[in-house]
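Here come two complexes built around chain A, the first alongside chain B, the second alongside chain C.
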Partner chain A sequence: MSTVAGISYRMVIGRRRIWLMVLLPAGLIALAVLLRMLGSADERSALMLMQIFGVGTMLPLLGLIAGTGVIAPEIDDGTIVHLLSKPISRPAIAITKFGVAASLLALFGALPAFAAAYLLVGMEAGIAFGFAVGAFAGGLAYAALFLLLGVITKHAVAIGIAYALIWESVVGVFVPGARNFSIQQWAQSVAFQFNTSGFFTKPSVGIGFALIAIAVVTVGAVLWAGQRLRSFTLAGEE
Partner chain B sequence: MTTTATEGVTAPPATTAPARIELRQVSRWYGNVVAVNDVTMTIGPGVTGLLGPNGAGKSTLLHMMAGFLAPSNGSVTLDDRPIWRNHDVYRSIGLVPEREAVYGFLTGWQFVLSSAKLHRLPDAAEAARRALTTVEMLDAAERRIETYSKGMRQRVKVAAAMVHDPRVLLLDEPFNGMDPRQRLHLMDLVRQMGAAGKTILFSSHILEEVERVAQQIEVLVAGRHAASGDFREIRRRMTDRPHLFTIRSSDDRALAAALIADPSSGAVSLTENGLQAQAVDFARFTRLLPRVAKSAGIHVWQVAPADEDLESVFSYLITRSAT
Partner chain C sequence: MTAISTPEPAGVIHDIGYRHYDGARLGRGHARVALTRHSLRGAFGLGRSFRAKVMPFVLLVIMLLPAIVSIAGMALAQQRGPVIDYPNFAATMSVVLAIFLATQSPVLVAPDLRFRVLPLYFSRPVTVGDYVVAKVTAMSLALLILQWLPLTVTFVGELLVNPPGDPGTGRYLASMVLSVVYSLMLACLGLAIASLTPRRGLGVAAVIAFYLFTTAVSQVLTEILGSMSQDDSAGWALLINPFYLVDAVQVWLTGASAAMGNSYPGGASGPVAALGIVALTALGGAVLILRYRKAASA
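After this line comes the complex of A and B, so read on.
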């Protein structure tokens, strides 16, 4: 499995998409530094930065890049056949690729979220720690969901962007019920658990629901992706 | 992994036991389009060529044998085990797909080594070195694959497919886009592996290519199994058919009269583009034409085959096999 993981890491990191994965957290940290220089390094601005940019924008985009990036290009150009024509269980390949995507999200998502919040408020009010854990948990669900999208459709990136930007960001704002089906909201709910700051308004999704939803989406999506890989079909293309 | 020993022959070790791919009444359709239609064939040890024009369903058939497509009907098995959704078959099968399907960012060495590792070979490095040596790619192995020529990529793909010394090797249009020297080299390699008792199947739309490498030829036309046999048999059936010629001469009408008098010509017609003659007996007709023209004092300016494209040759085969 280390061979599968190694190739998957190189596929994401060795392409131009790595720059997006670096730029997004770099932007988050840069904003934190800027706020600090402007003298607004307080709990309120830290929370806003984390909620709107960290979990609201950076995390889904990173999830999209890493989740689809570990498998979609391979399916597109047919190199996946190299992995699939081997005596390895296909669900195991899906699990490995999920692990790669999730670890990249921890490195480029959760860790920078912690660093940015820490720059602003240190360990105050559980904000830095809460958002690191929240981003990590949300990252698991994003990685699994976008991995699945990469396996079942050629339009994974378009659908993923539509989900993250339209459903989670727009519909989620106006239709409270839609927030129950938003990974972003689940991540906020997890982050809220560690919070002691009065500025953090209680998220609309309860922690119990959020944890179960994250678990169901993550496990379900990875298993489904594995099953789809078992029936992976090459077109006749003649 | 059990194999039945044939009478009088002791069973060889499991890894070198001959492998047999069996297709029983296999069909594959996409919506209303039938890509493969009721094909039954057995691919045994040695080199088999899967011959057919483009669009005949060769890739579809090969993908079913490689476990990358489910048959809509019928069964595809390797030594009586189903191939579809059975990743264990890849212990015995090596696949060289038609598409590039190589990671450009890896070196040839890394690519073949990854294949050996994915097979969990006990000495992956040694296996990779052996495979690269076989395809004569060891010298270029430290270069990234994206710097390779088409022929080099093809050879690296073959090395990756045979790194675990599989009993079956499936190659989809392997000689496409290779230069003549590389092509000869790969043909030699395929022949050697076939002679060593491996079950090898490759697809091609070029008769000459198949003739040079394969002992057994399976012809596929419009999704149907049109003919089967060694190359002599296929060659005979292909030349032994009505040929259509367009002839231009100083006196088409007189030539037509002289030609129709001989039983080697079938239909003869005068067209705007000259004389069209159908040769029923190809060999005899080719001797007849100059002789007849000479004795009648007619100058023949041009003799051109009117139907020599492979499509028509193949479609002849299929009309024959249907009757």
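After this line comes the complex of A and C, so read on.
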């Protein structure tokens, strides 16, 4: 298992992919520093930074890059057959790869979210802690979902951005019901639980629903990915 | 009967039917046109599998939705003006254009890099410059189709419905010119970013990351600076978003309203935005040329 994890880590960290993974949290922290220097290090700015940049932009992108990154290149190159020909259970491969993606999201997503919010407001109003937990919870769901997409289709990244941009951002704004099926909203709902700031408007998704949804999506997607790997066929280049 | 005969000649060139090409040599110009045409078809998935066509055509349909709503609205309410004013169309629909750019740019550049066929291209009369110009032209044309089609459908609809008042001919023509600027800038940027990796998936992620990153940074800074009532700085922060660069130039030159209710700072912002567009486009072009010079020798 540690070999499978090692290969997956190397696939994301050891290649150009890592630059994108580093650039996004670096941008978040740079923005926090800039806002501090501009003298607007208050709860409102911290919330805005976390909601628009942290959860709204960085988290889905990191989820996309890490979630598809742990498996899609292997499928693309066809080297996945070496892994699949070993006597390792396919669901175990899926679970290991999910673990790798989730740990990367914690490192590049949740931790910088905490750092950026801490730079602005310290531990005030539970913003830093709340968004770190929220980003981690949302990261789990994104990692699992995009891992599954990576196994199912070669167009995983394209479908992933269509989901994150059109469904979560555009449809979610106009159709309130669509927010129930938005990982970003679940992450915000989790972050809201730790919040004591009056500037944070209550997310439209309840915490009970959000937690169950995160659990169902995460477990369901990883299990389904494992199931797909059991009957995996390599498709040729189009 | 003698056992030993003269030895067979060691090497024989068999005639296996290769034919010479005796037709006309169409030359470099023709190769350029062919490459552009092939790339443009590829951007819409034409000549590829059904799956490759889904994304570009779904996005084209989404771009046409405001046109349908506008025509229906003008017919029912008998009022002039589409839901999105012509010059603001591209900036308002920026998400769709960005997704198209992100998903289709790697389609144009990734396979040639991945399968290392570029030295084959460049062993023909096609030069690195030709290749880059062909790819940029194809992507720009694809983006132009995505904008010109809905704009023109809306305008024709407006003329046919003919509600009271003057038709927005001037604004329509301005938007047609403006979309050329959008297309060229976006094509250069998108292809430059996508050409940095031979992997399609990563290329898609990188282009969309650029769009989301600039959009989010500009939005965060604008809202926070606005809430500190530093309206001038807030207006400048808008210009971090490349789509609003073109929109700011549009406001500067035509004096029409800005997209999404933006307010750009007055004075120097128009010329600065124009410089920004030129700089971004040139940067994208330079990255492409350097990238392909390197790939040609590899």
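By our rule, the second predicted complex is superposed on the first by the 233 of 238 C-alpha atoms of A that agree within 3 Å, B and C clash if a C-alpha of one lies under 4 Å from a C-alpha of the other, contacts with A are read in each partner's own complex, and residues count from 1 in each chain.
We take it that a contact is a pair of C-beta atoms (placed from the backbone, for glycine too) under 8 Å apart; a residue touches a chain by one contact, two chains touch by 3 or more.
Note that the structure is a prediction, hence the values are computed from the model and not measured.
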* To do: Mind working out whether A:232 is in touch with chain B, chain C, both or neither, as first, second, both or neither?
  => first
* Please work out whether A:65 is in contact with chain B alone, chain C alone, both, or neither, and reply first, second, both or neither. => second
* **Superposed model, chain A: greater residue contact from chain B or chain C** => C
* What is the contact status of A:166 with respect to chain B (first) and chain C (second): first, second, both, or neither? -> second
* Asked: So, A:201: does it touch chain B (first), chain C (second), both, or neither?
  -> neither
* Pick out the shared contact residues on chain A: the ones touching chain B in one complex and chain C in the other. => 238
* Asked: For chain A, which residues are in contact with chain B within the complex?
  -> 2-4, 6-7, 10-11, 14, 77-79, 81-90, 230-234, 236-238
* Tell me, which parts of chain A touch chain C in their complex? -> 16-17, 20, 23-24, 27, 31, 34-35, 38, 40, 44-45, 48-49, 52-53, 56-58, 61, 64-65, 68-69, 72-73, 76, 155-158, 161-162, 165-166, 169-170, 238
* Structure fact -> The residues of chain B that touch chain A in their complex are 28, 30, 35, 54-60, 63, 66-70, 85, 87-91, 93-95, 97-103, 105-106, 111, 114-115, 117-120, 160-161
* Of all residues in chain C, those that touch chain A in their complex -> 48-49, 51-52, 55, 62, 95, 98-99, 102-103, 196-197, 199-202, 204-206, 208-209, 212-213, 215-217, 219-221, 223-225, 227-228
